[in-house]
Every structure is written in C-alpha cells, then in structure tokens.
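Sharing a structure here in structure tokens format.
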Amino acid sequence: MDTLFVSFVVILAGGVMALLLARRFNLMKLVTVAVMSCGCGIGLVKSLSLLLSQAPTAEKSWAWLHFFELTFKVDSIALFFLIPLFAVPPLALFYSLQYMADQQKRVRVAVNYFFFAILVASMALVVMAANMITFALAWEIMSLSSFFLVVFDYQVKANRQAGYLYFIFAQAGAMFLFAAFALLYSHTASFDFAAFASVPEKAKLLIFLIAFIGFGSKAGIFPLHIWLPKAHPAAPSHISAIMSGVMIKMGIYGIFRIYLLLDAATPIIGQVVLVTGMITGVLGVVYALAKQDIKQLLAYSSVENIGIILIGLGIGMVGVSEQNQAMAFFGFAGAMLHLFNHSIFKSLLFMGAGAVLHQAKTKNIDQLGGLMKRMPITGRTFLAGSVAISGLPPFCGFIGEFLIYYGAFHGINNQRFSFILAILAIVSLAVIGGLATACFTKVVGLAFLGEPRTEQAARATEAAWGMGLVMIVMAAACLVMGVVPEPFIRLAFAGIRDVGFTAGYDTQAFLAVVRQLSQAILIFLALLALVSLLRKVLYRGKEIGSGSTWGCGFTQPTVRMQYTGTSYAAEIIDFYRPFVPVRRLYSGISRIFPGKTTWETGVDDVAEINYMQRLIKPLLQFLNSLRWIQHGNIQLYIAYIIVAIIVLLLFL
Amino acid sequence: MLEFTCLIPLFTGIIAMFMPARLGRIILLVTAVLHLQLTVLGWFGKVTPSLPGYFAAPPDGLLVLLVTSFIFLFISVYAVFYMRETEMASEPHYIGATLFFLASMSMVALADHLVVLWIAIEATTLMSAPLIFLTRSKSALEATWKYVLICSVGIALALLGCFFIVMAMASNHLDVGITFSSLGQVAEQLDPVWLKAGFIFLVIGYGTKMGLAPMHTWLPDAHSEAPSPASALLSGALLNCAFLGIYRSHQLLYQAGLGDFSSRILIGFGLLSMLVAAIFMYNQTGYKRLLAYSSIENMGVIAFGIGIGGLATYGAMLHLIHHSLIKSALFLSSGNILLGYGSKLINKTGNMAKLLPKTFALFMAGFAGISGFPPFGIFVSELLIIIGAFQQGNTISVTIFIFALILVFAGAARLVMRMCFGRNDEEILVPESYGRLLPPLGLLLSSVLLCVWLPDTLYEKILSAIATIGGGIHG
Amino acid sequence: MIVLSDFLLSLTLLSVLLSLASNRLMALVKIMAFQGIVVSLIPLVLEQHQDLAMGSILMLQVMILIKGFLIPGFIYMALTKIKIKREIEPIIGYHASVFAGLFFILLSAFITDRLDISLPGGQVLLMITAITTLAAGLFLLMSRRKAITQVIGYLMMENGIYLFGTALAKETHTQYLVEFGVLLDLLVGIMVMGIVLHNINSTFDDVDTALLGQLKD
Amino acid sequence: MESILSLCFAILIAPLLPAVIQKVKAFFAGKQGPPLLINYYTMIKLFRKGSVYSTSTSFVFRMGPVVGCVTSLMMLLFFPLAGIKPLFSFHGDVLILFYLMGLGRFFTILAALDTASPFEGMGAAREAFFSTLAEATVFGILILFFRITGSLSFAEFFSGRHVISLSSEHGALLLLVIVALYIVMLTENSRVPVDDPATHLELTMIHEVMILDHSGPDLALIELGAWFKLLFYSAFLSMLIEPFHLESALLNSLLFYAVVCFIYITIGMVESITARYKMNMVPKFVLTPFALVFFVTILTMELVK
C-alpha cells in the first residue's frame, strides 16, 4: 500500500514540475509526461499485483484536524478501479505530447498538466478512501481539478458555459453526497465507512437514493447527465478521454461502494439502479445518434455506457436481493468488466476524435468525410474502437456485455417483478446494442468513409506519429481483450472478490464457457481469413476497374449529395420522438419568387429543456421578482428592521 | 493589560492622523505587528485584561481578536502598496481611521460588560464610516450615509436589548454586574421573558451590523464602495465582531436554558440571509457587491451553524476563521482587479486569466475556497455544519441550507467565470505588483495551512468557546 | 414629585407630537433641543433617584448640555451653513403623522398594560412616553425625505431608548455607563452624520434622500 | 461426421432454396420462372467476373461482403440443422452469434456508406433502424427459450430434458413465437412486406440499395451471405414447427428440409399476394412480433415455474 502512496507522490511531483518548467515548453512536456507516467506505472503494477496476489485488504490512516482521520483502505474493488485509473493516464499523456503543440499557451499547458496530476491522484484517493471525510475531500479535489481541465480553451464561449454547467453539477452533486454522509453520521456517529451497515434499515433506502443522485450526477445518469455532453467536447481530447474513460466511473464506484457498505435488504435499491440504467442506456445512445458533433456524440455514448454498467450493477443488486448468487456475480462482474473496457475504447475514440479535430479543424460529422484515406491510422483505430463500443465481437466491448447478459439470463428464473426487470434489462441491452451499431456506423461511415464534405476535411492529413501510436496500442488492447478475454474476466472476478454475497461463487463452469467463446471468436477470425483468402484467389489476375460511384442516374453527383448524419439518424430519432424533441427551424417560402430559405434541425436534450423550463426559468423569475428588496430606499430599509422586530416579538 | 490592544492603535492612530503619509505607513505596519504580538501573548494567557468588570478574555473573544489582528496585518501590508499606486488623497485619514477601527474591534473582542460591548460595536460603526467615505464619490457618500444611519438605528435597538437583559435581572431582584461572565453564572434565575425580548433586540441590533437579512441592506453598498483594503477589513473582521455580540447573547440564553428559542431565531436568520444573498448574487453587476453578498451568505452560514448547535458550532467557528481569511483575500484581489480594469462592473472586466494571471489565480482560488472546495477550510466547516444539522434532526432547515448553498454557488460561479474567462479586449491600467499579490496569497495559504494542520491551541480554544453553548465535536 | 415627573413626561409627549406635525426644519431642531432637555431632566424627578449622588448630577449637567445644546446647535449650524430648502417634505403627510403619533401613544399604553411589569410606582407614563418616543423616532426615520430629518429622527429614537433605560435599569447596574454610552454614541454619531450630511450637500446640492437611492440591485 | 455432412449439405443447398421462392412467385404470376438452379449459375457468373470499385471507397468497402458472408456462415456452424448436433456449441453461443450478425450488419452498413452515394446511406439508415427493432424481438425469444430450457445455446434448445417443441407443454406459446420469428425473418432478410428485393426504385429499397456498387465476387459473397441467413432463419423456424424426432438422422433431415422448403414456399406466397408496406408503416410491423414475444414471455410467469 505504501507503494501506492509513492506513486501518488511521483504523479504529483510530475504536476509540480510542469509548473516549474513552464517556460521551457518541450522539456516541460517531456519531463512531466515521463514522471507522471512513471508514477502511474508504479501504481498500476502495484495494484495489479495486489489484486492478483489476493492480498488481504490493507489499511492506513493519518489523524487530521484533531478529530478526523484520513483513512485509506484497498480492497479488491478499489484495486480493480485503480487499474484503468493508472493505465489510461499514461496513454493520454503520451498522446498529449503532440496534441498540446501550441507554444503560445505554454503556461496554460503547464497548468493543465498540474491539474491533470491532481485529478489522477485525487481519483485514486477517492477509490482508496475508507471514511467519509477522506472520501469527500478527495471527491471535491477531483471535481475542482477536472473543472480547470475542462475550461482549458476558455476563449470559446461554449466551453465556458460547459465548464460552468459542470461546475454546478459537480458542486450540487457533492452537496447531495454531503447530505447522504451527514444522514449516515446522524445514525452511526462515526465517519468510518465500516459503520454504515449498522444504519437502521428504514434509513438505508433514503440514504442510498440521496447518494445515488450525488454520484449519479458525476457518472452522468439520466437526467443528471446534461453537463457531460457539454464538458467533454470542451476539454482537450486527452482530457475528455480521462474524464469519460476514468472520471465518470468514480460515480459508478461511489454507487457500488455505498451499496456494498449499506448492505441494505430492500430490493428497491437494485430496482432503482436497474431501471435508471436502462433509461440512461437507451436515451443516451439515442441522443448520441442524434448528435453531429463527434465529441458530443461520444459523450452521449458515455452516458449510454454508464447505463450499461448500471444495468450490470442493477442486475447484481437484484440478484443479491433475490438470493440469486449467479445473477449477482455475473451482474457485478459484467459491470466491472464493461467499465474497464469502456475506459479503454472510449479513451481511444476520444483520442481519435481529437486527432480529427486537430487535423480537420472541425468536429462536425456533416462537415467531414473521407478521412479513412487521409488519416489511415486514426481511421482504422477509430473503426476498431467503434466496433468495440457497439459491443460487437471480436472486440472487447462484447465481453462485458456478455457477462451482463449472462447475469440477466440467470434472473429469468426469478419470480414476478424481478423477472420482468430481467426481461427489460435484456431487451434494453439488445436495443442499446442495436442503436449503438447505428450510432457508430454513422460516425465511421460519415466522418471517415465516403468523400470529404468540406475543404478542411479534404486537406486533413494523418496525425502525429505519437498520437497514432497510442491509438494503435489501445485498438490492439481492445482486440486482444476481445479475443482472449479470460485473463481480463478473471481480473474482473478478482475485483469483486470482496463483495460478500457473491464470494465463493464457483467460476470454473463459466470460465470453460469463456474459453469456448474465445474459440468461437477464433473460428470466426479463421473463417474470415479463409474467405478473405478465397476472395483474393477469386480476384487474382482479374481486371479491377475503378470509377465514380454509381449515382443512380445522376450523371454528376457531388459530394454534397452524400447522405448526412442528420438524415441517417432521422428515422430512428423520430421513433423516440417524445423523449427526443427535434427542433426545426424553417424560414418558409413567401412571395412568388422566393428568396433564400433556410432549414435547420437539431436535437435538444429533453432533460436540459425541462430543467430550463420547469426549474431554472421559474426559479430565476422568482428570484428576479424579489430583487426589489434592495431598492436603495433607506426609509424602507429601516422599515425592514422594524418589521423584523415585530415579527420576532410575536414569537415571544 | 490586554486592553492595550485597543489603546495602542488608538494612540498610534491619533499620531498617524497628523503625520505625513510615508511615516504613517510605517506607523500602520508597526502597530499591526505590535497588535498581533500582544494578541498572541493574550492568547497564551501571558497578558490578561486588567479591568475585570468591563473586559475579559473569553476564548471566543480571543479567537475573534486573533483573526482580526492576523488579517489586519496582511491588509495593512496590502494597503501600503495599494495606497502607493492609487495616490489616495487622504492617506493619513485612512491610516488613522483604520487604526481607530482596529482599536474599536479589539474592544469588541475583549468587552465583557454588556454596555461596553455595545459601545464598542457602535464605535466600530463610527470608526469605519470614514473608511467607506474615503473616496468621496457620490456613491461612497450614499453608502456611508446608509451604513451609519442603518447601523446606528440597529445598534440603538441593541441598547434597548441590553436594557431588557438588565431588566431580566432586576425584575427577579438579582444584583450582579451586568457582564456576560457574571450574568452567565446566574443565568437560570433571570426572567425568561425579558431575556428573550432582550435577545430579540440584541439579535436585531447586532444582526444589523453582522449583515443578517433583512437588516443587511447597508452591507453591499458599504462593502462595495469602500476602498478594497477597507472592504477586506469590513468583511473579514468587522462582521466577526458583530457576530461576537450575537454569540455572547446566545450563550447567555443557552445558559438560561432558553437555547432552543435563540437557536431557532439564529437558524431562521441564517437561512434567510443565505437565501437573500442568493437572490442578489446570480445577477449581480458589480464584483465587489458580489463579494459583499457572499459575506452576507457566509454570515448566514455561521448563524445557522451556531443555531444548530452540537457539531455544527465547531463548523461555524471554523467557518468564521476561514471566511475571514478567504473573504479578505478576495476583497484584496478585487482591489487589484479594480486597479487593473478601473471599474467595479463585472461587464467591464473579463479575461483575467490572460490579463491579470496572478490576480486571477488568487481570485479563482479564493472563489473555490469560499465555495467550499478543499484544500480550503470552508470545505470542512460546511461539511461539519451539514453533518451537525442532520445529526440534530433539522432536516428541513438543512435542506434549505443546501439548496441555498447550491443557489449561491451557481449564481456566483457564473459571474466569476465571466470575470476570469470572459472576453475583454481592453488594456490593463495598472499592472500587478507583488506587494498587492502577496498579502492575499498569504491569507489564502493560511487558510490552506489551517485546513492541513490546525494548531492544538486553536483547536482547544474553539472547543472551549463552543462548550459554553453546548457545542462540541461529540455533541 | 409624581406630578412633576408626569408633567415632564407630558411635555415630552407633546414635543413628540409637535415634531411630527412640524413642517419647518428650524422648528424641528428647536423642538428637539427642548425635548433633549426635558428628557435629560426626567431621571432627576423619578422616585428611585431621590438621593442623587454627585456623579449623577454631573452626568445630568453634561446630558443637558449635549442633548439640549450641543447637538441641536450642531444641527442648527449645519442647517444654516448648507443651502437646503427649509421644508421637511414628508413622505407621509403632517396630519397623518400626528394621527400616527396619537396611535403610537395608544399602542404604547396598550403594550405597557400588557407587559404588566412590576415597575416601581408611577412609571407607567414613563414607559408609555419611552415607547412613544422610540416609535415616533423610527417613524420620522421612515417617513421623512430629508437626510437631516432622519438625523433628528435618530435623535428622538435615542431619547426614547434613554427613557427606557431610566425606566428599566437601576442606577446600580448601569453606573453611568448607559448615560455615558448614549452620550458618546450620540455625540460622535451625530458628528459623523453631520460631516456626511455636509458632504452630501456639497456633492448633491441637496440632502434629499431621494438622491441617495442610486445604490441598489 | 454427421455434423460436417449436415453443414456441407446446408451450405450447398442454401442457394437452391431461394429459387423456390422465385418459382412460387412466377407461378402466382402465371409465368414459368427461372430454373431452380438459377442461383448457382449466378454464382459462377459472378465469380468469374472482375469488379469496378468507386474511387470513393476504401478497404472497408471490400471488407463488407466478406464479414457479412462469414457472420451468416457462423450461424449455420452453430445451428443444429435437422436436430443434428452442430459442429460447435456452448452455453451462451446464441448471444455471440446474434452479435456476430450485428457485426455483419455493421460492416454492410459501413460498406454502403463508403460509396459516398446519395442513396446507399438511405438504405443503410433503414437497415440499422429495422434491425434494431428485430434484434429486440430475437432477444425476447431467447428469454422465452431460456425460461423453458434453461440454456443459451441453439443445440441445447432442441436437445436435452426441456426441448422446445410444439408438442411439449408450452406448445401453445410456441405458436405465437413462430409467428413472431416469421416476421423477424421477413425483416432481417429484406423480404416483402418490409422490403422488396425485386424493386427497382432506389428510393424505396433497403437492402438492395446498399449493395448497388458491389460487383463480381464481392456481390457473390453478399448473395451467399444472404442465402445463408435466410436458411438459418427458416431452419430455426422449422425446428420450432416440426415436433418429430425420428430415430434415423436421414429421415429426420428429410422431414426438416421439407419443412424448410415449405417455409420458403410461404415466403414466396406472401410476396405474391401482399404488397410492401409504406416505409413509415414498417416500424409498426416490425414491432408486432416484439409485442407478441413480450406477451408470451409474461405468460410464462404463470405457466413455467
């Protein structure tokens, strides 16, 4: 455990070095990245070895401010969350070496690295915290540092707004957490996590729900997700990768942790988590489909994946309350594995999007196209990531979902309500999978394939080699984890080792299935190779012509006639109309010889609209209507004092 | 001899009034250092008050005195550099008034006699009025007028409150000195109705001074119109002094077994202040006014915490310390902003991150601190208040409390971001200088330091202070 | 003696009503001077202050000097020095003000009755006067536009509180502190207000508080 | 050995059966129709040809047919044709198989989008949409089967203790499932009334428009994939319909293929006597089986304990 603290110190040292060396840009980047990666590496190795060696949970604590204690504890769950947390940042850092190339902003870049270091360290502390004070402390530092990372490009107004929104959600979420902790403390009179289980059963549900809102706003559950699709596009891409790949998982960690600590008997908790997961998953992917901004789309896709993870957790929780060990085990393990996978492929995709943004200067799908030829590495790795995130074999996304399915199917034999929940979970997973396919075929098909829609896209060239290398590594990781999933599944199993209810579940039968699964994937790959070979043979020595795409009768089709992202998604969006309001702006046609007319559509977030219309606007109106209080008239100010006295005297 | 904390600044203030500015600055700094030394000596009990019927050094008073003295030193250093750059016409006046102000605040902290406390608090009003008035602009005049008049009215009512408390004693034919310490010993024999009436008037009166809504109306005007070092003093030190008056009264009621009554009133005022501050923060036009409303909000937090009792009182005391440190740092950096942009309007500022990077860092850090982010201490204090409130079962009020905190944060964050990151293409009038950067930095760092390591003596002092109102970390 | 004290108290009440009805600043200042003297005299004629110590007498003289002459004189000087219209320009009219004053008397009688405090003999009227003066002072503060009338209102309020103090507090407890405090407070307060007033006048050309309504949200 | 033979037979016969549909349609139209072996001829013709590729396309365009074909083939690999134990099978294989189908779809769509054509995207969008809905139905069916048999493998569905069969105690439920699966089959294989493979207006096509630019062996692979897929679905259906389990594998196979043939004929009949739906009606049509399956699954709450 001390080694882990050493790694924090190294990471933080890297961040401080960035500040110290801010004037020498390239040296600063190199040193910082090297030191911080080294720190992450130490942490990664240590946490992996701790996890695999089945070491007993270690604990360490310091006294703080006289009656608090900063207690840290690593159990298997914490260790499991530490792995992506230490694995992704070095890759993101390496990527950032060439991504953050603007010498003009060197101080800002240095500050960015500084907060990056703090973010990574604080996330690790969140995971290791073993009492609520420690947790809250680390949690708040995490929120604050990530805020500064989001507003890196503050000159753009949208980014400022995104940062603002994120800030509000972070703080409001933290307040909910504080409330939950305070409620816990009022029952246990102890800050220690271990005391949570002694809370009376009646209070547990309420506490969980409050904490769920707090953690959910960080994780991005629907409808608390609205900061996510704004903040992620605003941040630099390697930061988005960290935020989406690792940081929002802290919300999941919190939900999981508090669930385990409360050890509540009520089935409602699991049901709430499961249903929230389904809603989050389906709506997340529908919104992702509706967006034309790649990074925004990826952010919504993160919402979707949070939904999938929550479905997994929810299945696990329902399994626990139904005393169905298999269901619980696979639900939790699936959630863990999917979370791990998501941190890899989502980071990959954000980095790909960053490369596109860097080279083509736009994130809008409807202005891209044909990048596969111009940016072959980015294109291919992005394709791999897309397949993975759609949950399709042979990439890793499938494996996590497979586990969740497995758990959910074990719930089919339950009775009544939990049976229906299991059905709904499976169906929504299937729907999410289908929609994710639609969503990512849209991104790949429209941004990378076809013809460039704008000049910028046509001029794009491959990103710098370092960025490409990182993406290749991650794509390869996705493939390996998909084809040989067993070690990673074992890792996930090790991760939930300390979950009381599922402990001791016999995994041998399932691991046999996994080996067969892996075989099936290999068979598929072999067949694929075979048929490709066959195709090669069939084409050997034949004339391969090339020409323009057949325009179905149009003799001169232009690139502007390509199908756009908006039209691609239109029909599916229409199907989900009540939840996904489409905004249409049409200038209309008037007069006999009409002038230029415009037609614009966009999809607004139904949660955002409702917040604005139902909550923010009335609230602001109400506040505004009270502004007369400070009218500047001194006579009435004195009257206030008199009124206050009279009112108080009435209480006498 | 602890009374010298009042007398020294009083004398040096008189001297400084008639000295040239250059000498005055030295006098200011020397006095600040001397004052701090004396305070520290008093803190450790080396020096004690020598007029027992009138002055005493209870832990709460010492706490406020220390905070006042500490931030006064930093603000004085800042003021010296600030005045050099602004070429303030009436610099001796400023130095004199600020020293008188310090004297009166020290008197508040040490006062034990009901009426002495009252006189001292009224004196702070009168001594600080010239500080607000210093720029002599129309708006400064208006602010001063409102400040003096409203506070005087409030304080006059507090005097009535003092009479009522005396009456509470007289009507039961008790005969002890009307000091808080001796009243506390006979508290249970006091007439409850008079005591409660007295408390109401004291809360209204001192609450006017402390900026509790709805008596807060002067505060945003005065704090925004005063020169920045003076605003920092007003917000960081004066409000605590007024709070001390309320705290003592609450203490008295608690000892008389009427703690519930006074707690409820404090909770009510606390929440009302936070909500009122929230109303005016989200759409504020001036950043100094924004900070002023934030002070109202924080005073509300403190009142709420004291009212809740138990663990929350400890939080409230921590909040008092950290609020003073952070808010004065914020006001000091707002002075830099004012010099830089030449305007108090938020719309005229912007892009601080580029134009005034160091001030930006301070301001942003201060904002993060005041909003309750670690490593600043308000994180701990707010958390403790929330925990304490839940522990006491005040669910509804703590819900409002949290709601108000979120509202205030949302309102302030928008404007702070506008200032720090918004567009602005104008030139900076006065560049940053270290003399005006280091004092706020020092204040912020001390907040961080106190959040990392709280000296035992401070901890024990806080505990013994809150023990008298039934607060405590295990309560 | 009872008669004398009641007489003085009635005079105070009269001055209160007069001040509410007066439409000239100069007259108002004179009324306040009168009220100051009367109020200062009241402790002298109260029953429990029969045996006057040397200190009290000294205090009394200082009191009369300040309340009756110094402060009104100061305000008078301010009035003559600054160019202001001499009308009071009330927000609430004179007649209404007088009625309000009468209402205050009724109200304070009611409150005194309800309070039912064991006041040492014959001080019921004292309480009534104190509350009325206090209320009327606050009323002046709220209902008059000129800044200078507000100062006078404040003065009147302080008179009321002072009366309260004499009614409620025993000498032994306060030991001149109340008097001392009130005087110091008044003196410095009025001085500060006067200086501000002067500056307001020179900056705005008038002391109408309508001009002092620029700082708002 | 049996398994390999059965698989080879299925692969060989897959191109033959669609010709049956064409025959039926011709019969209804009063025409003679193409010969039964027409598809083999087509295959040979296509294999001999070269290709023309659009300059817009990339490697994804060439990958599409291969992946599509292989994923369909995978289904046959794992399916117990005529009740004969498949080559490969494990608990949970249905999940990966249907996801592999998804992969095939993924690449087919991408290949369509790769052409930068104004029309192929249209087909791709519809394909993505309808198959999402169909997938939900398929998983609904899997839930039901799991409820009945406790397994997640094609092989185990039709062998072992709890066999899915019309003659079993859940036979009544199965009728509804058969209807549902039939509709899914029509959807997934682009048949009338969802799609019309014979249509010639690009604007109204779904699957066909996506492969407009493919030619030569690539097109042949696509066609092969489509035939495999159709065969898989009809095999699945016929395993549900046909309740007999004869001792002899040969007889069993005969019966099985007879039923498969019958299903192909019904497809032809449906195509002959119904018109295709308007595009906006299709989602409703595709949702019908989902509703059916969901209903059935809920019913099992009482029936299957």
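For clarity, chains are labelled A, B, C and D in written order, and residue numbers in each chain start from 1.
What we mean here is this: contacts are C-beta pairs under 8 Å (C-beta built on N, C-alpha and C of every residue); 3 or more make two chains touch, one makes a residue touch a chain.
Remember, predicted model here, so these are calculated numbers, not experimental data.
The interface with the greater count of contacting C-beta pairs, when B-C is set against A-C, is B-C. With chains reduced to the mean position of their C-alpha atoms, the one farthest from chain B is D. Chain B and chain C have centres, each the mean of its CA atoms, that are 31 Å apart.
With centres taken as mean Cα positions, chain D sits 77 Å from chain B. Work out the mean CA point of chain A and of chain C, and you get 69 Å between them.
For the pair chain A and chain B, the distance between mean C-alpha positions equals 43 Å. Counting partners per residue, chain C has 138, 141, 150, 209, 212-215, 217 as the residues that reach two or more other chains.
Within chain B, contacts with two or more other chains are made by residues 145-146, 149, 153, 157, 220, 280, 283. Under the contact definition stated at the top, the residues of chain A that touch 2 or more other chains are 627, 630, 634, 638. Taken together, the chains touch in the following pairs: A-B, A-C, A-D, B-C.
Taken together, the chain B residues at the contact with chain A in this complex read 145-146, 149-150, 153-154, 157, 193, 196-197, 200-201, 203-204, 208, 214-215, 217-218, 220, 261, 264-265, 276, 278-280, 282-283, 353, 357, 368, 371-375, 379-380, 382-383, 386-391, 393, 398, 402, 405-406, 409-410, 413-414, 417, 420-423, 451, 453-454, 456, 459, 473. Chain contact summary for the complex, chain C toward chain A: residues 91, 138, 141-145, 150, 209, 212-217. For chain A in complex with chain C, the residues that touch the partner chain are 627, 630-636, 638-639, 642. Chain A makes touch with chain D in their complex at residues 369-370, 372-373, 379, 383, 387, 390-393, 398, 402, 405-406, 409, 412-413, 415-416, 419-420, 422-423, 426-427, 429-431, 433-435, 437-438, 440-441, 444-446, 449-451, 513, 516-517, 519-521, 523-524, 527-528, 531-532, 535, 538-539, 542-552, 554, 557, 559, 561-564, 567-572, 575.
Of all residues in chain C, those touching chain B in their complex are 117-118, 134, 138, 141, 147, 150, 154, 157-158, 161, 164-165, 168-170, 172-174, 177-178, 180-182, 184-185, 188-189, 192-193, 196-197, 199-200, 203-204, 209, 211-215, 217.
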